[in-house]
Amino acid sequence: MWLQTSCELKFVTDFPTPFIFMLRPRSGAQQWIASEEYLLYPTVPAFEFTDEYGNLCQRLVAPPGDFSLSTSARIMTADSIDQEPGGYFVDIQNLPDNVLKYLLPSRYCESDRFGEMATEITANQQPGYDQVAEIERWLHTTIRYEPGSSFLPLSAIEVNLQQSGVCRDLAHLGVALCRSLSIPARIVVGYLYELEPMELHAWFEAYVADRWYTFDATQQFKRGGYVAIGYGRDAADVAVYNQFGPAVFPIKQEVTVELV
Amino acid sequence: MWLQTSCELKFVTDFPTPFIFMLRPRSGAQQWIASEEYLLYPTVPAFEFTDEYGNLCQRLVAPPGDFSLSTSARIMTADSIDQEPGGYFVDIQNLPDNVLKYLLPSRYCESDRFGEMATEITANQQPGYDQVAEIERWLHTTIRYEPGSSFLPLSAIEVNLQQSGVCRDLAHLGVALCRSLSIPARIVVGYLYELEPMELHAWFEAYVADRWYTFDATQQFKRGGYVAIGYGRDAADVAVYNQFGPAVFPIKQEVTVELV
Amino acid sequence: MWLQTSCELKFVTDFPTPFIFMLRPRSGAQQWIASEEYLLYPTVPAFEFTDEYGNLCQRLVAPPGDFSLSTSARIMTADSIDQEPGGYFVDIQNLPDNVLKYLLPSRYCESDRFGEMATEITANQQPGYDQVAEIERWLHTTIRYEPGSSFLPLSAIEVNLQQSGVCRDLAHLGVALCRSLSIPARIVVGYLYELEPMELHAWFEAYVADRWYTFDATQQFKRGGYVAIGYGRDAADVAVYNQFGPAVFPIKQEVTVELV
Amino acid sequence: MWLQTSCELKFVTDFPTPFIFMLRPRSGAQQWIASEEYLLYPTVPAFEFTDEYGNLCQRLVAPPGDFSLSTSARIMTADSIDQEPGGYFVDIQNLPDNVLKYLLPSRYCESDRFGEMATEITANQQPGYDQVAEIERWLHTTIRYEPGSSFLPLSAIEVNLQQSGVCRDLAHLGVALCRSLSIPARIVVGYLYELEPMELHAWFEAYVADRWYTFDATQQFKRGGYVAIGYGRDAADVAVYNQFGPAVFPIKQEVTVELV
């Protein structure tokens, strides 16, 4: 399906403020960016680099006063997402080198503390895809999904205590549970068509049967319409923006996703 | 200055034909891509990856029949290019690791065979920027520049024998001469505002005084308006397209660069 | 100074157990490996790869029963460590791209929660080196250093609550405090000559005045004799070994460092 | 089999001379380095980095006068090399991203000029492994192998004109022929047990049936005992040493390979 996505951010700052944005989706195996726009008001010098996960990041210093970004893109993405019930667990020794980092605990995914819980949840499942699908199901029925956004990400431990969270928080718990079973898992931030209410979204991927599969505990039914902006170990790696110096909050954050 | 660039390519193929394109300029230290479009007719699955030089490459298989690409971008680039007369030669032991590869001979830049010639040309110059500037001047006055495009790149040795060439060929000789003096050098392909006649362009960069500087032996005067699409050791790394299987040639290649 | 280092690990396993080891120091800017030995008993196929931080990692599956590794190396390292009182804070926009990741919170360094505390500790310091030196001093005088090793790393928050920890734990708190001031910081694991009692060691580095500087809150006096094995965001990245499947603990871990 | 390899190089220089050496084999999928020694006389600061092909490179400045390197290693390598008659050709669109660069022409492998010749040589072969095996056979029976070393590498075109060459030259022609058939190919330098006369060796690898396979046109029979030091597009990437400034030649180069 062809989607038109947009994200507009507006800040008011008192000081020159360094930002790192991650707002440019990349063409890749799963999506093709046919056209794209990335506007800054006022125009300031911006420098783009690729981070260690392959994400495009934009660095700039916002001048004091109003500062806004307006990004939009026309993107072809899959109508449905791939599923692979029964997909096998990949033995550690057969994982590609660059997937191994997704086995380790990270800031918001303390997988080193979830081994027992993950084993219980997936007790009756075959190792691999079915374990992850069961984790997704468990999250969907157990952890209350509270749509919308929150500024402070919760770690898997915190989400588990609180038994509720935004999309990003549920993804953190999903990732931590997978990793504690030695299944590589990562977070994805991006857009989802017909998300209610419309916002930036986050979900997770697990590496089974020799590739990454998409999981999203916030949705009742599997469907397509996902557009990835960034991949990482957890929210610390895929912040839509990182800002340095005295804290600045967006006074406007508007997201749209429309079928073309 | 703000430029609107476009490049359209059209092919007719008899067989499914794998292509790797390099037609997506990247935002970076020197230019900012404000908007961009990349259209395929017919639409086929395309996969993007980043090569070892940081260039964005698009992989696809063109179906038999007509196939065309249409890319365009709105880009902010510098009004003038930096110069640094007297800029110092960087000792090998002080070069960044990732610059070292630009010291080695490559397919079209046989720098291992140009030591004597480069030494003669730059006999009266201080090591560093001034040597490169002298090489650029020597190329401009000695090698006849034949604007337009050619399908088969010439190597530095061939250009030197023929005493003429297109932009890419002059760049090859410039790069080979620099490297033979232990100055890292690389080729750049991209757009140049007000190039006559308008076509894709190629020039070279040399690493002196701790950064890359732009050199272009095809132009009488230094000016801005450059938009880089790809960087590499020579034309083998930065082909706008690589095509595999029975040879296919573009039946149309149209380039425009306009001031916004 | 020339050091002879060794580390021997011995495990007993009931099942074939996948391991990833990080026990091979690399020659680099700070140390030169003149000779090295890495023996496995029994001999099993082992595969080496370089992780995203440049560390050499060895992957293998230990067979059931006794399994041991014996590594040793003869290494030249600096007699003293560089210091730079007054060294300037590097503005975010001037940091190299590959240093930016060391600004982000990570598994054991929840820098997003330490802004206020770091500001208080460094209240009277110039931004940059002096802030980090003050953090090191504060750690040394405030957090009780308990030499020896522990299996479960503590996060910065946990160390701060507990007010004590092993070398790795102190490093976590140091790193978190630096990052919360927008100073890139990373953990290092390795050897330290004359460490008492002798064990693998951990310390941290901060990026100020355009390079990495060494800090170690466990030692009273600055001195040389450091040998780095691995660099990372925190202990999750630089585990000397990661083991998958049912937990296995070393029945022997012996480290020696001698002056040659 | 377990091999003990050594390489000693000795130079006499009149000036401080920057060198980049590539003399440290890496543990990887095909070999395990159990012990290793790398000595410099006199001792000078040396800095190691990993190049874009994953090779370990050592940078140093040799002082005027005598300078020597002495490296040795104990290595486990395969007793025989894998073969895969009938192994399939991998379609361009299915090649891993990081293999694509081995399809392009390079300094000493002008694959863009060998299409017709390669097609003739492999006329009766199935695409894939069998084509490469036929190229290896053709090289072995057609191009006279002249054991020993030469300072100036020959390019594939030059080897083909001369109809003879050292191991490196035969590898260049093999690589060029493979690439002209859209089969990724690369050169390898290293050691070979029982090579006559004993010297550093070079051979090539081709990517078919989803992995790299070893080919060596200098040997009558397929056998094991290969130890790789470096991989690259051609000899320009894998020089055992690159030296900058006034030319310096080794006054001694001694290689040994013994069964342990």
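All chains are identified by letter, namely A, B, C and D, in their written order; residue positions are counted from 1 within each chain.
The working rule: contacts are C-beta pairs under 8 Å (C-beta built on N, C-alpha and C of every residue); 3 or more make two chains touch, one makes a residue touch a chain.
Predicted model only: the values in this text are computed from it and were never measured.
The greatest centre-to-centre distance from chain D, using averaged C-alpha positions, is reached by A. Chain B and chain D have Cα centroids separated by 29 Å. The mean-CA centres of chain B and chain C are about 43 angstrom from one another, to the nearest whole unit. Contact with two or more other chains is made by residues 47, 49 of chain A. Chains touching one another, given as pairs, are A-B, A-C, B-D, C-D. In the complex of the two chains, the chain D residues touching chain C come out as 26-29, 32-39, 43, 45-50, 54, 56, 58, 76. Touching chain B in their complex are the following residues of chain D: 18, 20, 47, 49, 51-52, 57, 59-61, 91-93, 97-98, 100-101, 103-107, 109-110, 112, 152, 182, 236-237, 242, 244-245.
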